[in-house]
Amino acid sequence: MRGILKSLATTLSTFSRRPVTRLYPEGHRDLPERDRAFPVLLWDKDIDEPFCTGCHACERACPVECMTVTMTDNPNHTTNDGNSKRRKIVDKFYIDYARCMRCNICVEVCNFEAIAMNNTWQGHETSVYDRADLVMDLPQLLVQSKAKQLEEWVPE
Amino acid sequence: MSTDDNAAGTAEEAQVEVVDTFDDTIWDTVNRTLRAVDVRPERSALDLIIHIPHADIIRGLRMLKQDADLQFNYLRCLTAVDNESEGIDVVYQLYSVPKNINLTVKTTLPNENKVIETATTVWKAANWLERETAEMFGVSFSGHPDPRPLLMPEDIDMSDTYPLLKSHPFAEIDVLQGEILGHDRDAEGEG
Amino acid sequence: MSTEIFGFDGVNVWVDGLVRVLLIVGFMTVVVMGLIYGERKILARFQQRLGPTRTGPVGLLQSVADALKLVGKEDLRPRNADAWTFELAPYLVFVPVFLGFVIVPFVLDWQVRILELGLLYFVAVTGINIVGWIMAGWGSDNRYAMIGGMRAAAQGISYELPLVLSLLAVAMVVEVPSDSATGESLRGSLNLNEIIAAQAEIPNLVWQPLVLIVFFIAALAELNRTPFDIPVGESEVVGGPFVEYSGIRWSMFFLAEYAALLIMSLIFAAVFLGGWAWPAGLFQDDPWPRWAQALLVTGKAGLFIFMVFWVRASVPRLRIDQLMSFTWKILLPLMFAQVLINGLVLVYDWPEIVLTVTGLVGVLVLVMAVDRAVRHPRPRPAPATQLEGEAAS
Amino acid sequence: MVVDTSATEFETQDLLLNVGPQHPSTHGVFRMVLEIDGELVKDLVPYIGYLHRGAEKLCENNDFRQGIGYMDRTEYLAAHNAELSYVMAVEALAEIEVPERAQWIRMILCELNRISSHFMFLGAFGVDVGVFGTPFIYGWRERERIIDLFEEISGDRMMFAYFRAGGLAWEVPLNFPERVREVLESARQGVKDFDGLLTQNEIFIARTKNVGVITADDAIEMGMSGPTIRASGVPLDLRKTEPYLQYDQISFETITADGGDVFDRYLVRLQEISQSIDLIEQCLERLEDGPIMPEKMPRMLRLPEGEVYIRTEAPRGEYGIYMVSKGGNKPHRLKVRSACLSNLQALKQMCVGQYVADAIIVLGSIDIVLSEVDR
Amino acid sequence: MLPTDQLFSDYVPVLIASIAGFILVISALIGSRLLAPFSEEREKGTTYECGMLPLRRASTNVGNRFYLYGILFIIFDVEAVFIFPWVLTFVGVGPLAYWTMVTFVAILGLGLAYAWKKGALQWR
């Protein structure tokens, strides 16, 4: 009997504590800086083009093969009277968020710091009705960085 | 059969190496225990590996378990390694709870006849591990009490394909991604 | 034949009955919805959760939303189900519980009917719904339902006995003013109004502490509440007899469950805490307005309900054999002893304090018996090999 | 028996009760078919494999960094521990010396993960035993705080992918020790809550004592490990018997119980949480600044030929990685020795002759993670 | 009022309540008929077996040992019915009534003890 009374006392003590749950879509928890949602591409604001040169490093390193990159000549390169030092630049970039396992390897292998894991809530709330909508293309991947909604964290 | 006898079959340098290298391991005890069996030692990064011919494997394992100095009464793990043309290794990771020692036992099966006696008579722990090995590598464990597949689907007949063999193809998944899908969308956008 | 209702005299009995029953229907529906919401909120607080929050302010309309959803849900019947048993089970579970409301005293002089044999009627009527449980379990043609139904039956009938005996033990000690001419008082009544009136001075919980505890335990079991939720144990038999019921049919079981909880709490308040009567004879000559009495009853019944929720949040589920042993080997003998002791005290006109003392001793015995059973568990029923042999013999 | 039923026409049949894979107290997608006589279990046939994804095959086709992510997914409740085995296997084959700071941090994270996993067990087990939700929320509450910390460190909540062969992927945040201490403080409260809620509760004791007993000999024979075997009185704790990382540098005792029943498995895990809290505090004291990766690490790791069987003490028992390398940047063979698979083999022995309700809590007491069983 | 009249008046609500109870359930079911969708799909007609197809019919002769409890229950419930009138009157009748009941209960108690000893109270 004593044990049961102790159980009752324990639940009563939690009864008096503050609830630990919260209303989710209304109140978002602050995400830590390092939070990893899905990879997004970064936008070079100085030159106004993506950092990514389409070098395929991340595509090769991806364990789940969720990335597809194609490369093209940079029309904005200095040889073409542009202001960019990138000779090549990304042409198309697809990431299948449905396959991505958020392992951060693409960020680590990138030589240009052109890709980062999305650490905002937008990166987490990606529910869609069709799986095909989870294949992100280049504009979608760049939109957050372009709009300066991202404080990216890249290790080291 | 003594150590010299089975070492005789191997190269001359290997014999010298055997004598030199295994002093710090439990090889002496193991060798003494397995006098009657043809054993060959090898060194792994952590434990001692011994190779036993597959005909003697259960006899050898039972000796290892029953020997008072070794008492390998705990079967850590049982699996197989597909060495393609060189056959399949069946690997037993043994541990002795009273003595706190480890041993890896290996035996090689030829590709054309992948049959080995079951170890469930030595440790009950071998039951599921053998079932898994059987379905993954096509090694058949004769005398196994419950030879159903363990992880593979029951309703599909997988008896002719063994996923963990190197000959089994990897990832024939129809990938929903990339080029095709993206191009389609672009085409829609343009058109 | 006519009665009085709401100050109108000479109302036809049928009309009167109908009005009262309809009032009860409304009352029950509203209160049950409130109970469901309350349970969810209170349990949530015990678990440091928020509970329902979405529908209406602080989730107040959750039950309404649930009800609407349940009405709109498809009502399935398994192909193999026994049609008649399956279809009839909700009626047999719900109607007996609903019948129980007839005798429940809400406030002074307001209930559907004051029955002389109120308590007998109560135990007789509410006992029927076990049949509904078995029918639901059997008719569904589902293994979980079947096991759940069998468990419900075994549990229901076993805990019926301590419940009945505990009510009897209380009914025995009730002091009823008999003929006003002689001024003598009799002992023993099954009339709930008389039982409440007799507690004007001191509620029965003082005289019968053991009975109170046993009643609470047996009521938990009858209501299939934790720790006695074996028939519906979610982790074992999924939902027990109701696995195959969906939509509105399932909600009938749910309604019955909570209606039973409501009735049980009101009976508890009436029998042990003195219903609408204030303790220590307060306001006896000048009865409070009905709303204040209703508040008092709500408080007393609410105490019971809160205890039920609290226990639900804190205690694991018993196993079926422990459950059975508990009632047959501990509760039943104890209750018999209590009834006989009560009789002894009353027949020989011993001071009433003896009742309290024996009751407290009984509580001690109960606690010790439980402790002993826990400390010295029975040996396991039978090892597998022996079991085979025994079954074969 | 009082009544002899065998001679009558009302001969009863044994009922085949299918438990899982979908609901009864859903421990992942585990299915068992119980043959029951009344309420007694006469036979039990477990079925697994619903979550088989071929993690081993995947790892054999991925290089050593890519494999880490897959290891997370084999043991999602204690991903740090799973990663640890994997990277230790790679390190053993490549003979990489891991810097001391990295080892201490690994230890802290693994022990934290043990705490979170055990809390998860306590919660789920409490629900199995029949407390409506309360222990689940208690367990979840503590686990959530630990996971929040993991998220601050590694960025992900479950699939950390934080360990690398040689050390750690990146440095921990600056406030790491304070945050760990904070979390430990709340974990202590969690232990206290569980202790109050369950340990002495008579009903809980009645339900769990002497249920699902397995003797020490049987446990060894079945190859059980982790808290499940320690509850049977076998002091088999790899942290003690074969110390890895820096476990030989800190003081702790192997926790055992001798009943071998469900209650003891619960108790061992509860005590292990307190022990892990202790361990982490010791680790924090020893934690010093320093590198977290060896100075010379190749960009793409290539291993020499060789093989190794690495085992570490994961929350559920021995998590072993048998890795065979034939050179190159991918393992030739990778076998995950799952603790749950071996523990689960003993389920039948533990359940037969018990009640149906017992079978559920015995299953709960093994604390299976189906993704680890099936891989 | 005559006792029969009183009785009639007392139990009329019981009749009304039972009818009302039935009507309540029926009306809810009808309401659901009107509002809820219905579709004939074979898959929906299968019983729940944790996601697997049912192994075989569940309603078979299942060995639940609860009939022993059933018998005991009937015995004790009948006894309880005897106690009910006794409860109301025994004080007036006096010690004889009390001791008669003690004897009665004692006999039943012996029966319970016998069943207990024989293991009938051991649920299987």
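Worth a mention:
When the chains are written out, they are named A, B, C, D and E in that same order, and each has its own residue count from 1.
Criterion: contacts are C-beta pairs under 8 Å (C-beta built on N, C-alpha and C of every residue); 3 or more make two chains touch, one makes a residue touch a chain.
These figures come from a predicted structure and were not determined experimentally.
Chains joined by the most contact pairs: C-E. Distance from the centre of subunit C peaks at B, each centre being the average of the chain's Cα atoms.
Of all chains displayed, D has the C-alpha centre closest to the centre of the whole protein C-alpha set. Distances between chain centres, each the mean of the C-alpha atoms, put E farthest from subunit A.
A separation of 62 Å divides the Cα centre of subunit B from that of subunit E. Rounded to whole angstrom units, the spacing between the C-alpha centres of subunit D and subunit E is 46. Note: centroid distance subunit B to subunit D, computed from Cα atoms, is 24 Å. Looking at subunit A, one finds that residues 1, 4, 7, 10-11, 14, 20 touch two or more other chains. Among the residues of subunit B, none is found touching two or more other chains.
Shared contact sites, meaning residues of subunit D that touch two or more other chains, fall at 1, 15-16, 18, 23-24, 37, 39-40, 134, 137-138, 141, 197-198, 201-205. Remark: subunit D residues 1-3, 5, 10-16, 18-24, 31, 33, 37-40 touch subunit E in the complex. Taken in their complex, subunit B has these residues touching subunit D: 44-47, 49, 73-77, 79, 81-82, 91, 93, 97, 100, 102, 104, 123-125, 127-129, 132, 149-154, 163-164, 168, 170-171. Here subunit A touches subunit D in the complex through residues 1-4, 6-7, 9-11, 13-14, 20, 31-32, 34-36, 61-64, 101-105, 108, 117, 119, 153, 155-156, going by the rule given at the top. Residues 1, 5, 8-18, 20-22, 24-25, 28-29, 31-33, 35-39, 42, 44-50, 54, 57-59, 62, 64, 66, 69-70, 72-73, 76-77, 80, 83-84, 87-92, 94-95, 97-98, 101-102, 105, 109, 112, 116, 121-124 of subunit E touch subunit C in their complex.
Those residues of subunit E that touch subunit D in the complex are listed here as 49-52, 55-56, 58, 60-65, 68, 115, 118-120, 123-124.
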